[in-house]
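For reference, the structures are reproduced in the following blocks.
Below are two complexes that have chain A in common, paired first with chain B and then with chain C.
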Partner chain A sequence: MTSRTRLPAVFLAPPLLILAVLAFVPTAYAIYISFRNRELSRPDGSFVGLANYIDLFSDRRFVNAIGVSLTWELVTVTLTLLVAIVLGILMFEFASARQRAVLTLIFLVPVILPRVSAAFVWKFAFHPLYGIVTYPYKAITGQPLDLLSNPATALMTVALVDVWQWGLFFGVIVLKLLETLPPQPFEAARLDHARPWQIYLYVALPMLKAPLISLTFIKMIESLRAFDLIYVMTRGGPGIVTETLDMYAFSQGFIESGRISYASSMAVLMMVATTVIFTVIWKRVKP
Partner chain B sequence: MSLSRFLGKSVLYLAAFSAVFPMVWTAINAFKNRVDIVTPTPLFIFTPTLDNFAYVLGRDSVAAGLVNSVIAAGGSVLIGALLGLPAAYAIARYPNRWSADIQFFVLSLRFLPPVAVAIPLMVIWLDLGFYDTRISLIVTYTLLTLATVIWLGVPAFARVPKEVEEAARVDGYGPYAVFFLIALPIASRSLIGAVAFAFVLVWNEFLIALMLTTSDAKTLPIVASELTQLGRDVPWGILNASVVLLSIPPLLLIGILSGLLNNAFRRKSN
Partner chain C sequence: MANIVCSHVDKAYGAVNVIRDFNLEIDDHEFVVFLGPSGCGKSTLLRMIAGLEEISGGTVSIAGRTVNDLEPRDRGVAMVFQNYALYPHMTIHDNIAFGLKRMKVDKSEIESRIKTVAGTLGLEPYLSRKPTELSGGQQQRVAIARAMIKTPRVFLFDEPLSNLDAKLRNHMRVEIARLHQSLKTTTIYVTHDQLEAMTLADRIVLMKGGAIEQVGTPAEIYERPRTLFVAGFIGTPNMNFLDVTARADGDTWLLDGDGVRFRVSRERFEITEGQGLTLGVRPSALSASPDARGGENTLAGVTDLVEFHGDSALISFRVGGKEIGALVPAASRPMRDAPVCFSVSGENLHAFDRTTGLSVLRNSA
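Our next item is the complex of A and B:
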């Protein structure tokens, strides 16, 4: 295949140049404005050094947002993987080939929906007066159930929508992964009178360790995109209970004060944290 | 049928129901008058109306949002495909010492939190005078589509049998002819899936559009989300109708996308 040709350079140079410009210019610019005190209302600003970063660490809302974001990551990643593994195994064990094909299509629906749609659909389903999910509670107790305005349940309710979107989709992937496994270890385990759950727990899942770790990694990255759901469903409320880092950066930069530089310093910290963490994980996971 | 079989199937049916019902219910509500939605008990039998869809489709903001969405998603997907497919082919077929690094760079773009890209880009587009334009949206979205097409295109091209390409070369095809006439048609099914995925990604995109537009270039998700934030007398029927409208294009592509998924795993198992 290695006859001398300039094809690789011709095919690779323009797109890589564009990607590099589109990725590095905003990154550099974010760092630049994070050292200034630019605001939306004023076109310029002056150099303030690390002042924005120092302010961040005494900002209780920022510290709160870190906590919310970490909780969000932990809850959505864990539940998504759990749901996916259970559904994948159930399909593999109980569904015929045709049923699998139908379920695959059905389980793709939530993840394909625009997140704005998914957020609205569930927000309305959880509506305390007219929601279809809250209706049984209301009918039995006579009390309206307002999950999204209750600080104790708001974040988990939004997380449920995220798990609904990704858990079902990943269930399909787990099924496809199980289908790629050779049948012999299963038969051997069955001959040894292993129970079905033992076969999955001790034979199948360990064989899928590498792809499952990759799935976890992908979900960790996708869980960073919590903004759409939270923006439509709670706007960070009640109070600041569901205010993740991106939601807080957005409201600092746009809704409340237009402090672009301050929001930028948050963005830079997020960028550094995610890039470092994910690069380390990727290099570890990838053989 | 054993108990575990019954339970397992029940869980599957329940999950399938949960996947579809919320959207079905939304679609049902989109055909209701407001009085039929705002009831103490959810109504399944009612006189359907087309008023909500007529209202949504008749609104200038929705029409403008639809046009903006089509142009922004269409333009960025077109650029992403034109530049991304050749790049993916080059990575798949002409590996060199930077191939792994290039692939990691393309993947690592996904690590960037959207808000961290959107804030500086907003300032840049403001300074350049392109804030709230379709051009700025297309260029920004190209970052997403290009990376996605490359990322999904590499395995699609790698699955094209090498022998076919070598046979073409023996027949006197040049490297470019091999790409355009052999590799591209053979891999086309997976590649269409990759491009469709890129389209769904930018069609659904919300945060960047929210930050980069205020009025002229607002895309459909932004318009829909503004409708959902309306005040006290919420026009629920209209809301449901606009959500249905927004969700139709991605749902139409579901067959192509599941094909992409099946292809990716079928070849691997052989």
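Our next item is the complex of A and C:
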């Protein structure tokens, strides 16, 4: 850029500086204290080297959290994309322009809702006694259905809320992407003996490969930040079956023992792991 | 191989009728061109035959079978689109093979057929490339290969050459003609380019505003245009038109207009006394005759514009209020502002009723 004035720099510098401070100071500090044995209850602490990191790998709750986090990523990303593609195609195939506009509006509502609100709404909907979702089961069997306290269903139930928020929104995006495609290859495929599902599978979706990969990445990053949803709905319970890495780090640092250094080492490890994993995947699938 | 019959075909978008009562029979092996200006419904009609547009009324049958309610894939047709419509993410090989794969044709059979088709169209070097790596002409050749390989009963071409540059268009036109000569598949070809229509067609269907203006061989359409519209649409440079009024004079008709007088025989035209006519004469039918100035069956004026075409030159001059064009050998073209006079022989005259626009040429003439 050969901007002749320094005006852009003058305006950009202060906010960028604030952003940099907000981003890098906590990160640097987290790395710093992850090598110490600082606790919330004590103001001091000493350098312990990699002790926190080494402890992590013998911590079964940490290993569990890795598993939960990976499951969470896999389930929410896969289901969101699946729901989005199916919804997008159904709308594209069957809805008129007016119906599409109405559906688009409806499907955008969940994602506009703050996630904490969504979490509370659904937590109440899943309430074993008063919830609207569990009501039919209770009415038929006479037994309350407590999905969120059942270790077998808790994580999937929370994932359902996440997919409800993002799957519908991504469905709208998929619809808009399909609408941007030129119609002729579809027509050519219809003449080429392709059935409707084959047209989508072999022509439409491959033509949308690049944007769909981008959507997957957006959702992967978004799923990493599901702390608020899980915190409100289950707080990691029952037991530790919905305890993701960030939930566990949070409870180690602030709720249970105040082991802020131990929690920081977890956060640092997560940061490194996600950076590495995302870079590798990004390089792999880049179209 | 199949014939196509359209009977009383209508197409309406809401209250707007874009095709009205279209009737046409296309014989087996025939190459028919739908020709007309933009928006005349020729592409819509083609897409209705292909099954890409709903048929609002009437029936279309291919090889004796009504196809109104059949899916495009079940009609035995293959189509080539104006913008090629290749699958952008597939290689040329996969583009061509796509239809056969869907038809569950045996793998080895697919490969051998691709080899033949690619050989015919000169596509062997490109089979592993993606469509974007090919030029427009090559892409259109792939589209033709994709249509050909299914050995359809009917080929449909929707302005296939419109996106190509002039030179390539000529080349591809010859290729399509040659292809039809060897395959003899029944073909419908939509274009707005009269040169393509004249050179490729067994029969031309000239359309205007959703209805047929004239159906005929290229020669019939050129030599005996049925309406004023056809006369004006076909032929470059455009036909000249003059408004005249008929008057009987012995065994001939005298046609008087603004600054012109023509005398024509009664055998050629079916005219009534005092009928208002539009006289048509092609620029190539004017022959220079400087001595005949002011006589009957002549057009005289002062050269206004000289367009050099190479072998010939188009002279423009005014007669009465009308601009007249005359095609003369380039070697003998006059200078600008020079007086010119051309004579027209009676058999080169066309005449149309001024109110109906229909030709008054006798069938026997």
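One rule holds in what follows: the second predicted complex is superposed on the first by the 259 of 287 C-alpha atoms of A that agree within 3 Å, B and C clash if a C-alpha of one lies under 4 Å from a C-alpha of the other, contacts with A are read in each partner's own complex, and residues count from 1 in each chain.
In this section, a contact is a pair of C-beta atoms (placed from the backbone, for glycine too) under 8 Å apart; a residue touches a chain by one contact, two chains touch by 3 or more.
Nothing here was measured: the structure is a model prediction, and the numbers come from that model.
Once the two complexes are laid over each other on the shared chain, residue contacts for A:198 go to chain C alone; chain B is not touched.
Contact with chain B, but none with chain C, is seen for A:275 once the two complexes are overlaid on the shared chain. In the superposed pair of complexes, A:206 makes contact with chain C only, with no contact to chain B.
Touch counts on chain A: comparing chain C and chain B, the chain ahead is B. Shared-chain residue A:24: touches no atom of chain B or chain C. Touch criterion met: A:187 reaches chain C, while chain B stays clear of it.
No residue of chain A lies in contact with both chain B in one complex and chain C in the other. Chain A makes touch with chain B in their complex at residues 1-3, 5, 7-8, 10-12, 14-16, 18-19, 22-23, 25-27, 29-30, 33, 38, 86-87, 90-91, 93-95, 103-110, 112-117, 120-125, 129-130, 132, 135, 139, 164, 168, 171-173, 176-177, 179-180, 196, 221, 224-225, 227-228, 231-232, 245-246, 249-250, 253-254, 260, 263-264, 267-268, 270-271, 274-275, 278-279, 282. Listed in rising order, the residues of chain C touching chain A in the complex are 50-52, 71-73, 77-79, 81, 83-90, 98-99, 102-103, 146, 150.
Those residues of chain A that touch chain C in the complex are listed here as 182, 184-185, 187-195, 198, 202-203, 206-207, 209. On chain B, the positions that touch chain A within their shared complex are 4-5, 8-9, 11-12, 15-16, 18-20, 22-23, 25-26, 29, 37-42, 83-84, 86-87, 89-91, 93-94, 96, 102, 104-117, 119-124, 139-140, 142-143, 146-147, 150, 162, 165-166, 169, 174-176, 179, 200, 203-204, 206-207, 210-211, 221, 224-225, 228, 236, 239-240, 243, 246-247, 250-251, 253-255, 257-258, 261-262, 265, 268-269.
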